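In the two complexes below, chain A is the common chain; its partner is chain B in one and chain C in the other.
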Partner chain A sequence: MSFLIAQSLINGVILGTLYLLMAIGFTLAFGVMRIVNFAHGEFYMIGAFCALIGVTWLGLPYPVTLALTIVFAILMGAVVERLVFRPFRNDELSGMIASLGLAMILQHGALILFGPDPQAFPAMVTGVFKWGALIVPKSRALALGIGIVILLIFYLFLMHTRHGRALRALVQDQEVAAVFGVRLEIMYPLGLGLGIALAAVAGGLMAPLFGVSPFIGATPLLKAFIVVILGGLGSIPGAALAAILLGLIESFTSSFISASAADIVTFALVIGVLLVRPAGLLGRAEA
Partner chain B sequence: MSSAVTRTASGPGAMALLWAVALVAVALIPWITGSTFHFHIAIMVCISAMATGGLAVTAWVGQLSLAHAAFAGIGAYTSVLLVTRLDLPVLLGLPAGALVAGGVAFVIGAPLLRLRGVYFVLITFALNELFRLIMLEIPEYSGGSSGIAGIPKLSIFGATLSSYEAVYPFALVCLALVMGLLVLIRKGQLGRRFGAVEENLALAEASGIPTARTQNLAFTIGSAIAGFAGAFLAHYVGFISPETFGFQLSVSYVIMLVTGGRLALWGPLVGALFLTPLPEFLRGAVEYQHIIYGVILIAVLRFLPQGLAGLPAQLSRKEGRA
Partner chain C sequence: MKRTTILAAASALAMVATGAVAQETLKIGALVTMSGAGASWGNGMKRAAELAAEDVNEAGGLEVGDTTYQVEIIAYDDSYKANEAVTAANRLVFEDEVKYIIGTVGSAPILAIQPITEENGVITMTLGFTAQALGADKKYTFRPNPTTAEVAQPQIDWIVRTQDVKTVGALFPKDETGEAIAKDLGSAYEQAGATLAATEFFERDRVDFIPLLTRIIAQGVDAIELDGNSPVTAGQIVQQARDLGFEGVIIRTGGPATQEIVNVAGEAATEGMFVHSAFDPGVASAKAYEERYVETYDEPMNGFSPFFYDGTKMLFQAMQDAGTVEDTEAVATAYENISDYEGILGMMNWTGSERYGIAHQLDSPFYIARVTGGEEEIVARCTSAGCE
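On to the complex of A and B.
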């Protein structure tokens, strides 16, 4: 029994880290631009396809591919901000509806380009780590490791650079931040671009584990939603807490009850939290 | 926003007459061409317009529901189970579907509607997923992922509507009833209350309007209409599964509503009329269909915030200025 608990704990942390990559970008876009981005999962999908193209078509090394994916995603974020979201800056609801349209465009665009069939991604590493009865596949450990490194870099950027401070200021108060010289014209595209880049790199990291198809964005989007609602829209520490919590809940419920029970439990939890604390576990109440 | 809309709807009598004539002409198209395919499209327009009409009622109090497909699903399953297990006539199954969907909305509406704006959208999104997951968990009622096939066709007083030509007039009558209900609500005292709540919640509350109850009433009516449309869809198509009433269906209702006009009385009808047949005109480019939907949605939000139904008003105002 204690072995099952330890294994569930490890699996839960791995899941939680991946959910965090998805959720931070999502919550950043909301915190900075007040956009609930239903297209966030499609950028995960695009990141996975970028990785596939880089590794199998162009024969680039995996780390280079991931770096290029990040650059591409930031640029894409800037373009999308300009073309789709900019007119709806002061209208949360319209911005969100627009993101539904964007999601359709991206998903079906990928469908036309790559076809509906799932494509295999070559394994980056093989084998497993073993500690007694505990087993962690090396492919998962690699995704986890790179994920943590990226999250750390992002954390340092957010806490210790000028642009990072500007982003945090925007999350706290747009007007005051603007008065203090935060340039919205640069920070909005940057905030969205970084958020999208985190989703894309999550896609690139997951591609070797789960394969690639135009429809893979739905589940990560759902997880990001759940994490962000639990943690509070716009709250990054909240997202961190909720992501790990969600990973653990899922892993424990599916080990001890069943996988479908895990989904129902998390959704019930989400609805409960929204009703009791609409602003989330660590979120601020709406002004 | 809503004042511009009422101006078009109740505006000069000649204009209203023109619209009525155009609407009747459009409704007659299947009989003129005599094509069963056109009958099918026309029936689907009626069903979509009814469901979107329900979504509009909730939108009139300023809330956007992404759980609309789930309520259509509740109505569909209620009617199908009553008809197949208890041998009730379909004609009773349809209102029963509406009743149960409305009842569920009434019960969960009170706590849900404390959330506003994007938070309400998020919780209804989660609810729609929860509905799908729970239905998949109870396959003895829902048919599980393989769904329920061979659902009894629509019938009136024992006469089965087996052909498209027979279903269409019934669909038109149902649509007329739903639109009639919408007109009654909109033009009556309730409509003004809805408008007040949508425009300024705090002011409405201060003026003595019970805002929470008003919003819940709108949500209940809207979801009941969704239940009715869902039940109609189930008996018309003959197959339902939990996946039928997923996120995608909710999104397509939102797209129709926004394209038609979020706050316009005739918005749902215009949206359904424009978007349901659209794929047929895109025959040569089927794979681009959803991309075009996405582009239309974003373009309408950007350039026609009042939707297609607000287009005449928007145009005449521009002319007036020039």
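On to the complex of A and C.
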């Protein structure tokens, strides 16, 4: 029993960190642009394909591929912001529908380019770390390690750089931020680009674990959505808390009860939190 | 009035002209899964029908009675979902007016479309593994591929006997297919002297199996069974089970999917896995079909594809035997009456009267293969009587 508890704890933390990468990008895009980006899952898928192309087609080292994926995703975010989302800046509903359309275009584009079949992704590392009966697959430890490093870099950027402060100011109040000289023409594309880059790098990290196909974006999008609803839309600390919570709940209920029970508990929790705290765990109520 | 007369004369002329040339189009629906986890099966089925159609079209068409038909395949994607299958079936039957459908891939979709197809006398050829797909009251539904019910027992007997397996864990999708296979496998392992000790059910779009596998492996099982899962999901289960340090036997009792599993999980994780195989590359006609498939589509062939190629060719023969493509009741009877058909996989016969109440289940030889270096290596040859 203690083996199951410890193993579930490890699995839950790994899962939570991965959800966090997805959710922070999602909530950042919302916080900055006020757009619920339903295409977020498709950027996860594109990140996974970028990793696949880098590692298996071009033969690049995995870390280099991930770095290129981030750069590519930031640029792509800037382009998407200019072409798709800019006209809907103050129109949440239209922006959301535009993002749904973008999601379909991206998914079907990938389907035409790569076909429906899953693509083989070589294992980056094999084997396990063992402490007594406890096991952590090296592949997951690698994803976890890189994920934490990226989150730390992102945290430092957000807290200790001029652009990071500008982004936080935008999330808090767009008009006041603009009055204080935050340049919206730079910060909007940057905010969306960073959000998309986090999704893409999550895709690149997950590709060796879960495989690559045009349809892999839906589940991470749903998880990111649950996390930001739980944590509070637009709240990054809320997303962090909710992601770890969700990872642990999923892991413990799947291991001790069943997979179906995990879904029931997760959604019951979302409904419960929304009833008690409609703005989420750490979200701010709209004025 | 004059215009009506002219129109009538023109129609009469057109009918005479058509009769003289007697070259018509025979539309066959392919209602299969072309997107999502089951796409490799669906594409294998659709392409089997296309290749069978290509054969007859290149030979000048399918001669049935006095008419020669060019065969056209009309394909729709059901995404492995019952509701989408019903939409596509309505479209095929009432708009495209097809009388023959290759599909569906899934069990829930075939059960969902049967009220439409059986009612309208549309012959369907399904892959769906559920026992309920076939029945005495479903005279237009046929299954050209063996299911777990046909192949499980001989294979499980052999594996339990030779690999010293006592307890088995398995993960199944939470739907009609998964439930049916879990039940069949549970009794098959019991009969072979082992137990299906740990089972888990999950939603089909799940990709993270670590928590479920942790629970299964914690129960100390000797083997993990993959039957019932789509090729992609099976590959993920293999990869994640090995990631968790599972060193026991991995078995896939039914559903050819080795190539896709190796693609997803990699050669190292799949080494030594025992799989069901319907395909002996030593049989020249089977090998030739695989080569033609790969050359045409530039993708590895799914193991179910040859069954649907043979099934479609048998259907063409049934149309010729019945002398009609319109009277599907006569075609269904002629289809049932085909025996000792020399297909690309070997000798084919209809079976299933005892199990399903109707002999609409194709019986064919099958094999157990061990995966070595990512390739299947046949280690036992089986019939429904047993494996050697």
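Operating definition for what follows: the second predicted complex is superposed on the first by the 287 of 287 C-alpha atoms of A that agree within 3 Å, B and C clash if a C-alpha of one lies under 4 Å from a C-alpha of the other, contacts with A are read in each partner's own complex, and residues count from 1 in each chain.
Convention: a residue touches a chain if its C-beta (ideal position, glycine included) is under 8 Å from a C-beta of that chain, and two chains touch if they have at least 3 such contacts.
What you see is a predicted model; the values in this text were computed from it and never measured.
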First, second, both or neither for A:Ile5, with chain B first and chain C second: neither
First, second, both or neither for A:Leu152, with chain B first and chain C second: neither
First (chain B), second (chain C), both or neither touched by A:Ser213: second
Which of chain B and chain C A:Pro137 touches, first, second, both or neither: second
First (chain B), second (chain C), both or neither touched by A:Ile97: first
Partner chain in contact with A:Asp263 - chain B first, chain C second, else both or neither: both
Touched partner set for A:Thr126, first chain B, second chain C, both or neither: second
Touching partner for A:Leu111 - first (chain B), second (chain C), both, neither: both
Residues of chain A contacting chain B in one complex and chain C in the other: 111, 260, 263
Residues of chain C touching chain A in the complex: 34-37, 39-40, 43, 174, 200-203, 205-208, 210-212, 214-215, 218, 232, 235-236, 239-240, 243-245, 260, 262-264, 266, 268-269, 299
Touch list for chain B against partner chain A, complex: 64, 111-112, 114-115, 117-119, 121-123, 125-127, 129-130, 133-134, 136-137, 251, 254-255, 258, 287-291, 293-298, 301-302, 305
List of chain A residues in touch with chain C within their complex: 3-4, 7-8, 11, 15, 111, 115-120, 122-123, 126, 128, 130, 135, 137, 139-140, 209-211, 213, 215-216, 218-219, 250-251, 254-256, 258-260, 262-263
Complex contact set, residues of chain A against chain B: 36, 84, 87-88, 92-94, 96-98, 100-105, 107-109, 111-112, 222, 225-226, 229, 233, 260, 263-264, 267-268, 270-271, 274-275, 278, 286
